[in-house]
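Letters A, B, C and D name the chains as they come in the text, with residue numbers starting at 1 for each one.
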């Protein structure tokens, strides 16, 4: 018997749940792309995007996914042959490094494993050894969606500054923007990349590169037409915003999503909501873990993302639990991406819960309730009182 | 701080949550109402509706709400001056009686209070005393949405048959159709009324009257043009299905909803899902009630509806809890309709949770989780372990 | 070969083309029906509806179609056995008369045929003969959708007043409201009925009865619960607006439609647009008629509705043309409803073009262009220059 | 007075009118991007796309606009320093050349002006002179959206083959795919680029690069991660289809659009419809031109695109007519892009009419009808009988 016939809940770490308002905003006839409402609207998007990113710098909007945004950022900062330092805490910083490599960079990766954040001391050691300043960029992720670690971005900048190293500091906030607190300017980030389908609650299809004057000044001549951020950030003609035809329907959706953020009280309110709901999630997983194999991948709460939680459970219980929760309760959990490879049997021992974007207390409690039912149904040992613990966090908000 | 910014959940006892598929199906251009796809489609709706009602009888579809369906049923069965026996277990049977009165009936109400089902012995006594068979109809509700009681419809029929009383047996299934098990033909119901916005998961605006040959044979000549069920049930021209212009967009929605029921495995599967989810709800409320003022309005589980649960909590905690859960967690609970009157201060001591239609395990767990958080936040005493108890019911499904 | 694959255009005389904005507004989750935004919104609808009807009187909103609105009006004005004078100019006034009959009225029909408006002299003669004032109501249609005639409503009132006859004057504006100029109060109409799916651009499912104090004072006690207009017009509780559950999604749609009317500049602007576009339609049909069998059903332009045009073409060319235009060009024309009966072979010699509601110049020119192509393709003789004549009317607007 | 209040019609040369079915298909919750329905669906898209392009080769789908597809094609074919021959007949082949330049190519442009197609003799002369085979690619557009010229693609291939020149032949079908007959394999095209928002009736946001084995074999190692067509065309993991996160909602839309093409009878039927409707458009413009300044930009019908028609009218009548037609009749025409520059006063003497994609006879007749009304209203001299001429083409289809 299945109890899944009702409203499906996609609780993977992106794409996140799209608000009805966003989908509704996208349900409209094609607009004129030469003049009129759309043109006006796009001009208004820019300051709202910058407010979300906490920057007074520039933003280039791309029709692409997150990987495209990576390439855009790389294309505007790299000269072939230059060295890039990659601070890897999961799958995604390294993935970004590959994009740099393909453009001709020489990347050097410091791998901090899959259960820990960037270790500032190791970064300092490596950068200190680069007295020739061969590293032209230091790249990392704010949140690694695969491991759910959240790196100390301000701390990394402090290290760079302490050494007086001139490398650009480039950060991937694809999973974290509009979820985890992120202060681009205050934290000294030179280039930041993001995408539409997570905290921004809009279907996949838009990538964003935010950059400051220092990054702009270093732009190589080799930037390609499509990735060149200069005309996109400071267009003289409307089509330059998008290097061609505007992504009309995504823009309608993004406008609505930004309005929703404003109506909630702005980005600070959005961060606070995510932070509380994430604590509710962690409270439940910690209790379950006390009586069985379930374990939060990141043990230090300060280094956990508020956007996604990666779990270790062992055996094939990750896959079994995902299947049960989807088939019986209508919740789709995320696979254990990047914790092991699909062919590896240990892959079935991981899963992830996304909790980003259009998310409120009953959604979190519902997903956790479904997981508890699954643990019981599948006879997976677990501690008692997890749901009550989560509810308590919600109650005290 | 609010944790409500996410997908809202309307957990009132109707209108229920409309599936995206239903809303999507309604989002289309106006169709031709004289020929073509719409005409074909409506012919196909009729057997599917009858299957949901478990009847080989007829159905008349009305553009109206539930009160209109009441009037349609009354208009097709009553001659002015006739007597009607009303078996009242809350607010709605009595409300239907008023509709009969306004058409010229003389209703006699047996009031079973707000916390109990119809007492078969009392019905038997009253009908036995009616040796002249002055009661032309016995009317009641399957489920009273205000009290959440579920009446023993088959039992009432047994009483009527035992006495050989010829009255029509007419039942309101507005809240229960496609939620609580209901067997129109097997249970001997002559006339049944329902509406679109609860178990049928379609916006308010369609009413249904199902009737058998016995009821059809008694139709008075006074039935009005609009309410006359004969041409609607056996139309010769398409417009007669609806006594005029077809409710085009509601029909698109209803078609999709009936498809969803079929895809789930038919009405038996739908009943089973609701029954399990209702038991999960009751399990939670029972545990909370063990440590505080919360009390299920209907103590006998066999007489509780699977569509809605009415709660008593006292003081103004019903209203406080509703407000908290909506403002902080994004769940809208139902007011305590019919348990007290709005002006009466005790009104604030009740609330209801709807659990009908497009409903799955995580929705139920989410609503219950939000309520637990509210009880904690508002310092309302309650037993521990309610969410775990609900999850256990889900797990064992 | 078909050239129909593109945006379909339903050019029947109702339901009319639903604006994307209206359909979009209806595409939302079910709202709370006890408090909140919906309740606020409905209070705001009432004055906007009255403004469209040009009345300071009352309005009752019903979940029903136009036939239901007829019955609502009849139910609130008629006592069984009373006499009603029906002024028939097609199919619909007579249809309304049947609704009265079914409620116990004795209707007397003056039939003005299918090609002429109400003849005031004949009305005067009949009413003058009714010195006993047995006629309690005079009913007619503003526009008869079947014949496309538009009656002189102000003129009929003048006749009634001249005779000092106390009968209520009741008018069906189902086809004409928000299309043809109509001044309820200035023209002395006591009761007016309308529906959502024509000039109001909202799917079928809402009926409206507007009434003044004189009509209200005559309300019989026999009005049924559902049709009783008093609580709907002056509700003390929200549910009384709709005699039960609110038609939530239709209300969202209607709100949007009324906003569109306001944004266009109000009802005067809407009338002016329809009047000009209707003249464009007539100009084309007149030219075609000069060279062939096509003939406007109503020869006097002053008596033609701006909502629909009924055409006579003879033989089976009406049906042939309708089929061609739909299959080849994507335009669905209206059948010749009421000009002949479906069984009658002459039925195929008629068709209608709806031009009401969400309608602009290119839609009209497109429908006419498709008809011209059909006339050519089917070798139906017709005058030259029809499209140019229509374009000229548009140009001079 | 405006007659524009009704269904707006965006008749610019892209984005084209999005079918309700496509927008509806896009209106759904975010799907799982790791497994399930979406994954299945994408595999099915590929053969359908190839069928539309008439190729047995490969296709890479990109999240980007047409300019992105240009860059994708260039990135997969070009080595820095290589020479590319650009055959320019308006604005877009030259635009593509700029993208090549930015990637390091050395482009040489043959400019055929704005009113003529590629002259095969001149191409032959240039290629024949390139005995060293320095040109690694010959690039051109099938249809130039700015001038509405349609080039003889098969003819250009014949020239290349005749000379035995090994250059890749690369064609931009952004404006023409699924509109103008195009036979990728039969005509010997090695690389073809297209986008979603024209003949494919899906919002802007998807680009396509089709390529054959010859092109694949020449892929340079310098292709960037995002543009690399190899994994997209032959993915081993689902995410490789899109070089990262899938464009979920655009894929829903594209699937529906391809279904619509299939339901119409396949791409041959789609071409035939466009060809006939384009002839109707030309017929009208030719008649108008006989009595005034209006002139089709391309005089040879064989070289006119069926997707768009560029017009010359002189003075500021292009802009005046566009304004009138939009404000008074609800049709938005295209600006005279590329015929003159916005600052140049002659710019106001051009306009374009798009007629691509979701287009049927009444839409064409409606747009032409609006233009005729505009010519009359603005006193722009024009020949008589244009609409009748267009209707005649439709009639004879």
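Here is the rule we go by: a residue touches a chain if its C-beta (ideal position, glycine included) is under 8 Å from a C-beta of that chain, and two chains touch if they have at least 3 such contacts.
Bear in mind the structure is a predicted one, so any value in this text is a computation, not a measurement.
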If a chain touches chain B and chain D alike, it appears here: A, C
Between chain A and chain B, centroid-to-centroid distance (C-alpha), Å: 44
Chain B-chain C separation of Cα centroids, rounded to whole Å: 35
Distance from the mean Cα position of chain C to that of chain A, given in whole angstrom: 55
Residue list for chain D, restricted to those that touch at least two other chains: 8, 17, 20, 24, 27-29
Topology of the chain contact graph, where touching chains are joined (line, ring, star, complete, other): complete
Complex contact set, residues of chain B against chain A: 1-9, 17, 19-20, 27, 260, 264, 269-270, 272-273, 276-277, 328-331, 358-370, 372-377, 384-385, 387-388, 390-392, 394-397
Residue ranges of chain C touching chain B (in the complex, touch as defined): 8, 10, 12, 14-18, 23-24, 26-35, 63-68, 70-71, 75, 98-99, 102-104, 195, 197, 203-205, 223-226, 228, 242-250, 332, 334-335, 337
Of all residues in chain B, those that touch chain D in their complex: 20, 24, 27-29
